[in-house]
């Protein structure tokens, strides 16, 4: 049986039941079908005062091309803790569509250590990646529009550093010249697209603690330099942060699904580790710590460089209590 | 009170109750929160044998820049029919994000003739536009990939006609040169993005009767011409239709919401009338006709040119029974 | 024998002897080898007061792809007039390198009706085309430089209308994007190259009466529009006309060569008829009229549209006395 | 008095007289006006058997931005040797138009150590640079044409390494995308222009010993790589070398002018030292050695790195007899 066969042989538990296992009431859920839900930001805020559970971090040395099993270790460890009666949740990154259609395949675990509904998670899931790309590209459009209408920014069209993004493996979009076709299409400019998982918006969303914090961070984005003094120009100077936040207000809500064995799984945020902290959203991990006694999560790679030099240190720096380490290779819990 | 104030003053009815009004059981719904749902394709197929209700088509003459009220007429007429006790549904196009952030504003009616939840509908809604853009851009990536790896198609890189799409008003992306930066990024090519509402995938989705028909139509897309004989090359020749269909399998399910007065409203598909048939998906209209005695829908503009020359004729050509005409300006029901 | 064999079988007369036939002293010549010379502008100015000879214009109807013999008619007629003892000169356009390496071949007549040295004339000749391209491209570089250093012109980078030129048939250069590679290379811009014979500088050189007039006309070139009011911006506003005139000071001097039968032939200036007046330089024709009793020249095509609508009317408008018409097809002198 | 005033105050000697000083008869000259001439290749071949004079090489350490006087040292040394009765010639590079219109100014010496006619030399001179650019760009056009007509080369359009050239300081042309505008204009390609002095053709012309050698070297130019095996493709594979040689047949002939004091000066070839050997043409230096007892020339910069590592070693490698060194700073003859 392949991963998909295994996943399809299981009847998922209703997402309300999964949420109930860690004390999240049905009223705190925004359901996407029967087996996926987002948790409302209001309920999350209300849970802020609670004590934290313990965080277990699964990491890995510099990986082989085949991967070395951080996700399956995380899922398995979570299911094991559940089986011996611990109130447990796991936290994972949500996968990008790009590698999913590329050679790498999906990213929701494998074998009997999967999160489900695997197909949904690997495709559009709850639309977070699309919302991030939309916010990213709205900013790009607003920038070019500001140049087009020559708003009073002094923004140097040759020094715009903001790129577009799309959730696709598409080498053709890495480097391009836009605004061709004459004056109605703007001023020609060299630009490009990054895959959404490697975008700054993805990193920002995963670090934001609430909508206000998200909006503040979005406003602080550097979009380029001005003509006279090469001063950095920020997204807030073209007043982009409000509309961007509107596009991201649902994406900020953590997604709740389950493992094949019914352990609650927060699958939320998916920044690549090469440009960002490489772990799931802090809002999801923090929520999990308020709801479960044990939270298993995974982070990045390169832990053989020492935790300080790898992406796992971001988990600590972000203000979470010190995790217990779990190395997936070998797994020395 | 503006439109948003009016919309927010109403407590929406649970979407299960709305569905029940026209005989759609809760088991046929995939809920997106409390007030939005998609209807499963299985249930739609099961309803195929039923008799059709009557179709009322609201159209308009060539519009003024201010618009002339097709949507508000459709909503109002639907609510009126409901009020006098008729089992009624309305069918509308879902709005594009692009104009929503542009000057034109959203497209979910106005005043007391709105569909709700207006903000959701105007933003990501159930993700249909994003799924369409993803399928569109996956095809583009597969085409460039086929050229890159010189698959045995003879496809002429200068005669690729397939463009990318994004749900954004972005003049900078209309015309561009892609694949710059040397060999690793492919062969330079002139291309561009269309707004998603004006993409061929949008048109195809709105005409498809089921997943098989959708996949067949996707495979028939012309992507360019070959080198030797300028023969048309199709999406099926690079085997793109399967993955594209996977990306569109949820988008094909009609979305159900409600008017402010609780009339069931199918808001599904949003092709622009300048390049396509300019009305909502046929699968939604056909479903509505199976569920309601009166279905009010709207179509395009330019009916002063005669129905045959305007987008409304597409409704007829698509195999629907002849609608009764309703002109929104003046509204001569 | 082909054209080249015929040309090589003849020993050209020294260019001083050719000049002497029409009263131009050796001191008025700048020799390029033994068989080509330019006439100094000082001597030309000194001859201004003389009476004009008679101008005979050879023209043609809309041509077939094979051409229909304007040049050979002109050469033959000139040689015939010489043979019967008339003091005669002919005036021809100088050929472009582009078509010479293309399918069309050279443009110095054919058979026994050639001007020589044919190979030199068909290649670089006295460098006029290169000088024109250099002046053209210097202006382009000065424009981009003015934008780069943001000189106080308000010139809109998207509305620069000045194109570059090269004396080559090169389809790749018709439309391009320049200034790629980041800030040090300027602001990206859509542009292109015209073949030198179709450049505005070529047209200007062929109409200029002396160096002052040339410089004035160069200064009047429209290079684009400004940002605020779409006002036309001229070459003189970036002070380009002086350096351009320096580059063209030799090119303005008419070239003197000979026919195979030793008739003096001014071969000077070569504007294409599709964008310009399509005949050789006025300075050459006017000089010829001062030196010879009969001057045979040719002009453009499309005379079947009536002289007023074709390029030959430019010869008249330019202030020359009314020519006698000579139709090359059939040749009805 | 500035350089130009000094130059204009002198009446140049007829170029025939200058040539006679070093035994070149008038019949071996192709005159360009009164004061410039090229020496025929036939006469050069005939002089091959003669004994060589002595070569004195002026070089310099890594230069300051102001330059450090190689050219003025060379001119002054040559004039000094003439003054004491030695049969002397000097050899210099011919200047590029580009820096001439830039900040650097011309390159024909200065003060009382100039070569004349300075203005002509600094502008088009005898057309060598234009001919080199034309041959360069003809090859580019032939390459794109071969791709356009899909000649049987397997040439990979993304791996064409041949660039265009123009004798102009123009940052906008350094990096561009060509062949835009659809199929009639070819396949889009990333390319660029080098200044003519930095082109491979310039280097080749300066190393070629005669027309046959020139044509052989032109044929050996690598234009790109093929699709299947990344095999290098050469100019001779598209049969470009014949037409290129035709365009260069006059440019290969050394130019003869004079210093202000009437010393014969060969000013021929002008490769930049950053990409090539950085000294004038070998054909000119070799000719000078056959005609004069003392030949003073200059080479490149960076001699403080040791002659082996700087451009002066090229003079030796090219088969010339070992020169006596002359350092211009300080000048320690």
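A, B, C and D label the chains in the order they appear, each numbered from 1.
Simple rule for what comes next: a residue touches a chain if its C-beta (ideal position, glycine included) is under 8 Å from a C-beta of that chain, and two chains touch if they have at least 3 such contacts.
Everything numeric in this text was worked out from a predicted model, so none of it was measured.
> Which chains make contact with chain A and with chain C at once?
Common neighbours, chain A/chain C: none found.
> Could you tell me which chains are in contact with chain A and with chain B alike?
none
> Just send me the rotation angle from a CA overlay of chain C on chain D, rounded to the nearest 5 degrees.
180
> From the C-alpha centre of chain C to that of chain D, how far is it in Å?
Those two chain centres are 29 Å apart.
> Suppose each chain is reduced to the average of its Cα coordinates; what separation in Å results between chain A and chain D?
The answer is 60 Å.
> Find the geometric centre of each of chain B and chain D from their Cα atoms only, then give the gap between the two centres in Å, rounded to an integer.
66
> Two or more other chains touching the same residue: where does that happen in chain C?
Counting only residues that touch two or more other chains, chain C contributes 177, 180-181, 186, 189-190.
> Thinking of each chain as a vertex joined to the chains it touches, would you call that graph a line, ring, star, complete, or other?
The chain contacts form a single closed ring, each chain touching exactly two others.
> Kindly provide every pair of chains that touch.
Once each pair is checked, the touching ones are A-B, A-C, B-D, C-D.
> Going by the contact rule at the top, pick out the chain D residues touching chain B in the complex.
150, 157-159, 177, 180-183, 186-190, 227
> Of all residues in chain A, which touch chain B in the complex?
Chain A residues touching chain B: 30-34, 97, 101, 123-124, 127, 130-131, 134, 137-138, 140-141, 144-145, 148, 166-181, 184-186, 189-191, 243, 246-247, 250.
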